[in-house]
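Some structures are shown below for you to check.
The same chain A turns up in both complexes below, where it pairs with chain B and then with chain C.
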Partner chain A sequence: MLFHLINTPFGAYAYDANINCIAAISKDISRFLKEHDCTINKCNVPQHLKTEIDELMGIGFFQEPNTKKITHPLTQDISFMLERGVSQLVLQVTQNCNFRCSYCAYTQNSGNQRLHSSQRMNFDTAKKALGFLHEHSIDSPKINIAFYGGEPLLEFELIKKTVYLAEKKFSGKTITYNITTNGSLLTEEVLDFFSKHRISLMISVDGPKEIHDKNRKFINKEGTFDSILNNIRYMKKYYPDLYRTLTINIVLDPSTNFESIASLPEQYPEFADLVIRAGIANDYDSAIKNTYKEHFTAKYFYNQFLEYLTIGGFIRSPYVNNVLSNQINSENELVQKLFNKSTMGVISSPGGPCIPGYHKFFVDTKGRIYICEKVCESNAMKIGDIDHGFDLEKVKSLLNVGKLTEKLCLNCWAFRLCSSCAKFADGGEELSSEKRLEYCREAKMQAHHRIRNYILKNDIRDHKYSMLKELKL
Partner chain B sequence: MNENSTIVFPTTYKQLPLISLSKVYFPNMNLIPVTFNSYYNPRRKDVANLDNRNQLNVQYYPESDYNLNAKQLVLTSGTGSSENIKETVAVVKKAIQNKTSIYSCLTAEEEQKLFEFANLSSIESEKFISSAKQIINEFFDHFTFEEFIGRELYRPTLPVVAVGSIMGFNNQSEITAQISLELKDHRAAAIVNSNDYSILNCFPMLDVIYANDYTVVEKVILLNQYIKYIVEVSNCNVLVIEIPGGLIRLNNSYLNDLGQYAYILSQAVDVDYFVCCSSCNHFNRDYYENIIKYVSDKFNFETTAIHISNCFLDFQSISSVQQERLVFKSLDIVYRQINNLSDRTESSSCSRFYNLLDREQFSIFLESL
Partner chain C sequence: MDNNFYVYREKVVEVVNSLLKYSNIVVGEEDLDAPLTGEKFGLDGIALMYLYMALEKELKVKFNLQHSQINRFYTINSISRLLDECYSKTTI
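The block that comes next holds the complex of A and B.
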C-alpha cells in the first residue's frame, strides 16, 4: 500500500502516494490502520468505519500502486539535453585548503571521498572545461560558472584568467559567477576583481566566534573567525555592492548551542542584512558522525515551528531570527511543488535524482566530470571527462538510480517525496543498491517531515484565529 | 562575404528563419548570418546548428571574427538586451565607419538605448532605416479613436489564417511568414510578431497590444483597424497572422500571458484557419484533442493543422526558475513523434500533425487548405 499515517497537534491524516493526496481522517481510522499495519481488506474493516473508508477509497485511497516500472521520464531526452542545453559549470580549481575544518569531508571521511591534496587545476584544463561548456550550451540563454575547492582563492590567478576567457567566449549571453570561499583570502585585489566582474560570494561562518572557531580552523589550528570578520567589514565599507550580494552559509553543529549560533546577526551587525543559509552539517561521508545535544535539537525544532507560525501569518518576524528562514522557505516551496503533481503514471520514477550534467556539472582538477560538487569524487559518481565528453550510459543509470531498488520503491509510500539522490547509492566503483537502502530510513523520515510540515503550515492557517485566543500572542 | 551581401546581426535561433526563408523565397538576397560568440560552434559551421534543423548549407560567423565588408547590416531584435549591448555597439560603429547602410529591426525603445550607449550623433542615428517602425507610425497617422466612434469593427472578406503556439516559442513566426511567402501568387500578406521579418516583406504586429495604457477593448479596436490598414496597403487576398504569446497557462505559477493575445485577436477578426504550434514534449493525442477543443471553445478557432516543432520545453526549469528553457531536438525524433501521433486509420484530427518546416509536409498541409 502506498499510504502513510501522520499525526499533528490538530488531528490525524493519511497521505496516499498514488494520488499524491493528504486527507484528514478520524482518530478511529488512524488507530485502526495503525493496528492493521495499514492493510485494508473489506473483511477486516469494522462496520462503524466502513463509510469513512469507502469515502477515502472513492477518491482513490488504498489502491494498488499505479506505477509498474521505474524509468525516469527524461531518459529518452537526456542525450540532446546534454548535447545542447547545459548551463552551469562548477570548477574545482584546487583540492588544497588553508583551513582544516573538523567536519569537512576532505579533512576526514569514510573512504569514498578524496582528502585535502595539493592538486590544482591548470589553465589548460580550465580552458578545455569552458570549451566543453560552450559546445554543450548553445540552447542555454544563461550561463553560470562557479569556482569551488578546497579553497578556490588559493588559485586566484587561475580564476581571473578563466573569467576573462569566459567573458569572451560567452558574449551575447547572460553570464553569472559564484564562488564558495572560506573568506580568509579576500584581499583588496580579489574584492576589486569580484566587484568589477559581478562575482557573487558565499562565505561560511558557523556562528559567533566561540562556535565558529570550534570547527573552522587554520592548518595551524588557530581560529579563523577574526580574520573572516575583518574581511567582511572591509568589504562592507569599501565594496558595498559586492557586500550586498554576499551569502553567509552556516554549517550547524548540533553539538553546540543553537541559540548562540542564531544570535550571530544580533551580535555582529555585519551579518544582519545578509542572506543566511543554514543547514545541519552533512555527515554522510564523514568518518565522525554528528553528535546531537538535546538542547540544540529542542531549540532547532522550536525555531522551525516559529518559522512556520510566521509563514502562517500567526506571529510577526521580530519573534524569530532569520537563521532558519531561507531553509524553511526553500523547503516550503519544494514541498508545495511536490504536492502539485497529479496521479502516478504506469511508468514513473521516484523523487531524488537530479538530471546529471544538465543543470550543473562539476569538473575536478584533472578534468573529470562529476554530477555535482556535493558528491564524492568516486568512479560511481563520474559521468565523463572534458576530453571524451559525457558518458551517456552512466548518466542514464544515475538518472534511473531508483531501478537499483525497483521492487521496494514501487511499493513505497515515499516514492514521490523521496530525497535519495544518486549520492546515496555511491558504492565507490559502482552504484550500490545496499548503499541506497542504507539511506532509505533517513529518506522516509524526511518525507514524513515534509508531509507533516505541509499539513502543519495549512493547519496553522486554518487554526490561526482559534489559536490566537488560546495562546494570547 | 562580398560587397553585395547583407549581414544579419545577431542571428540566434530566433533569426535563423530569416536565413532559411530567404534562401527559398529571395535567393538573391545573400544574407550572411553573424552571431554572438556564445552561439557559434566552430565544429558546426552551418547556421542550422542554431536550432538543430537540417543543414541549410549556409555558414555562420562569430561576432569576434567577421569582416564587415557588406552592402547592408540588418540589426535584429536580439540586439536589445543589456548583456550584449557592448558587442552590438562595436558592430554598429564598424558599420558606420565602413559606410554600410543599417536596417534596424529594433523597437523605438531598443534603438534609443543603443543610441545612448553608443553615443551616436543625430546624423549617425538618422542613418538607421526601419520599415517596421514606419508602417506602425503610418497607421497611427491615419487612426484616432475619435474617428472610430459610431463605426463597426472591420470584417475582412478575405480568408484569415492564424498561427499560434500552445506555450509560446514554437516556430510560429516562421510558419506565418512561410505561409504568406508560399502563397505570394495569391497576394498573401503576413503580420508577424517580430520586426525582423520586415526584411522578408512581412508586416510587424502592432506593439501597443502589449502596452498597459490601453484597455482590452481599445486593443481589440486598434488591432482590428490595423488589420484593415494592412489589407488596404498590401491589397492582399489572404491574410496570415501570428498570435503573440501562448494560448494557455503552463501551470499556476508560469501564466504565459494567459492566452490574452489569442483572445484579443479572436475578438478583432474572424479566423478561418488555425495552425497550432506545439513543442516536442511527448504529449499524447488526448492532450491535443483537449487543446483543439479549448481553442475552439475559448477563441472560436478551428484547428486546421498541428505543427510539432523540434523544440523541447523543460517544464521542470520553467516551474522552478520561472524561465523558459528550450532545447532543440533533432528532426528524426520529431518525425517519430508525428508518426506516433498520426493514426491514418482514423479521421479528423489524426491527419493534422505535421512539421511544417519540412517542405514536403508543408506542401501536404497547403493542399489540405
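The block that comes next holds the complex of A and C.
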C-alpha cells in the first residue's frame, strides 16, 4: 500500500500516493496502522474502526497500488517537444576559474566530476549552439540564454559576440540572459554591456568577509570578499537598474556560524534590498563532505521557524531579515501545488526527473549537450552534441530514470513526491540503480517534510480560528 | 524567579515532552538551556511552530513577539521567562 502516516501535536494524518491526497485520521486508526505495519485487510480491522476505514477506502485511501508499470507520460511526445519547443540554453563558456573555492566540486578530485581546466568555448561552438537553439525553438516565444563556467566573465569577449548574434538570430522573440558569476571581474565595460542588454546577474557571496573568505579564495589563496563588495558598491552607484535585478547566492557552510552569515544584509546595506538565495553546500559530488556544527544547525532551524512564523502571520515580516526567506517561500509555493487529488494511472512515472533538454540544455566548451549545468559532465548525463543533435534514446532513458528501480518505486509511498532526478542515478558511464537507491532515503525525507509543511499550513489556519474563539479576539 | 516562571516552565517541559514522545527523549534538568533546535532535541522549524501553537493553546495565551523578543523562543528556560514576563498577570 502506498500511504504514509504523519502525526502532529494537533492530529494524525495519512498521505496516499494512489490519490495524492492527505486526510486527517483518528489517532486510533493511526495507531492501528502503525501496529499492523501499514497493512489493511478486511479481517484485521477492529469493529470500532471499520466505519472510518470504510469511508477512507471509499474515497480511494488504502488501496493496492494502481500503477503497474513505469513509463513517463511524455515518452512518446518528447521527440516532437525537443524538435520545436526548447527555450533555454546554458552555455559553459569556460572551464577555467580565477577562484579556488574549497567546497567547489571542480576543485576536488571526486566521483564523475571534471576538474578546473583551461578549456574555453570558441565562437564557432557558441554560434552552433545558438543555431541549434534556433532550430529547436520554433514554438517558443521566449528564449533564455545563460552563461556559465568556470567563471564565465573570463570569456567576456565571447559572451559579447554571442549576445550580439542572439539578438540578430532571435529577433521577434523575447530574449533574456542570465549569468552566474563570482563577481570579481565586473569592470565598467562589463557592467555597461550587461546594463545595455539587460543581462541578469547572480553573484555568489557566502556571508560577511570572515565567512566568505574562508572558502571563496583567489587562486593565490587571498580572500575575495573585498573585491566583490567593491564591485557591488560600484554597480549600486553607477548602474542602479542592473543592481536592482541582482541576485545573491549564498552557499551555506554548516561548519561556520549561521548568525554571522545571516547578518550579511545588516552588516552591509548593499545586500539589504537584494534577492538572496541560500542553500547548504551541496556535497553530493564532493570528496569533502559537509561538517555540521551544532550551533549552525540550531540557528538554521530557528531561522526556519521565524520564517514560518512570518508566513503564518504570527510576526510581522520586517522583524525577520531572513536569508532563508526565498528558499522557504519557494518551497511553500511548491508544496501548495503538490497535493491535487488525482488517481495514479496504470502506467505512470515517479516524480523527480525534469524533461531532459526541454526545460533547458547545457552545452559544454566542446559542444556536448548535457541535461543541465548542475550535473556532472559524465557520459550518463550527456544527451547529445550540437553537431548531431539530441540523442533521443538517452533523453528517453533519463526521462524514465524511475525504471531503474521500478519494483521498489511502484511500492513506494513517496512515488509522486519523489525528488530523485537523473543526477542521482549518475553512474559515470551509464545510469546506475545503486546510485539512485543511495539517494532514496533523502528523497523520502524530503517528501515527508513536504507533507508536514502542507499539514502545518492547515494546522496554523485551524489553530488561529480556535484561538479566536477561545480568546474571543 | 517567581512562582509563575516555574509553573510556565513545567508546562513548557510537558509540551516539549509530548512533542518528543516518539523519539524516546525526555527533558532533563541539564537541558533547560539547550537550544530546542540543537542536537539534543533536534526540533526543526516546523516542530518549533507546533510547540509555539501548542503552548498558545495549552496556556490560552497569544504570543505577540515583539522585535526584541524574536530570539527568545529558543530554549525551555528562555520561553518560560518570556511567558513569565508577558503573562505573569494571567493565571494559568
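We take it that the second predicted complex is superposed on the first by the 461 of 473 C-alpha atoms of A that agree within 3 Å, B and C clash if a C-alpha of one lies under 4 Å from a C-alpha of the other, contacts with A are read in each partner's own complex, and residues count from 1 in each chain.
Just so we're on the same page, a contact is a pair of C-beta atoms (placed from the backbone, for glycine too) under 8 Å apart; a residue touches a chain by one contact, two chains touch by 3 or more.
Note that the structure is a prediction, hence the values are computed from the model and not measured.
*Asks:* Contact-wise, after the overlay, does A:Phe305 reach chain B, chain C, both or neither (first, second, both, neither)?
*Replies:* It touches chain C, and chain B stays clear.
*Asks:* Once chain A of both complexes is superposed, is A:Ile315 in touch with chain B (first), chain C (second), both, or neither?
*Replies:* second
*Asks:* May I ask you to decide whether A:Thr8 touches chain B, chain C, both, or neither, giving the answer as first, second, both or neither?
*Replies:* It touches chain C, and chain B stays clear.
*Asks:* Touch check for A:Glu135: first (chain B), second (chain C), both, or neither?
*Replies:* The answer is first: A:Glu135 touches chain B but not chain C.
*Asks:* Should A:Asn453 be classified as contacting the first partner (chain B), the second (chain C), both, or neither?
*Replies:* The second partner, chain C, only.
*Asks:* After lining up the shared chain so the two structures overlap, which partner does A:Lys168 touch, if you call chain B first and chain C second: first, second, both or neither?
*Replies:* A:Lys168: touches chain B, not chain C.
*Asks:* Which partner chains sit in contact with A:Glu294 here, chain B, chain C, both or neither? Use first/second/both/neither.
*Replies:* So A:Glu294 only meets chain C here.
*Asks:* For the overlaid complexes, name the partner, chain B or chain C, with more touching residues on chain A.
*Replies:* Partner with more touched residues of chain A: C.
*Asks:* Mind listing the chain A positions that touch chain C in their complex?
*Replies:* Where chain A meets chain C, its residues are 7-10, 294-295, 297-309, 312, 314-315, 319-320, 328, 449, 452-453, 456, 459-460, 463, 466-467, 470-471, 473.
*Asks:* Over in the complex, which chain A residues touch chain B? Could you list them?
*Replies:* 73, 77, 80-81, 84-85, 134-135, 137-140, 142-143, 168-175, 337, 340, 355, 359
*Asks:* List the residues on chain B that touch chain A in their complex, please.
*Replies:* 10, 12-13, 35-39, 41, 43, 49-50, 52, 63-64, 81, 83-84, 86-87, 251-252, 282, 312, 314, 316-317, 319-320, 323, 325-330, 333
*Asks:* Okay, in this complex, where on chain C does chain A touch?
*Replies:* 15, 18-19, 22, 35, 37-39, 43-46, 48-54, 56-57, 60, 62-63, 65, 67, 70-71, 73-74
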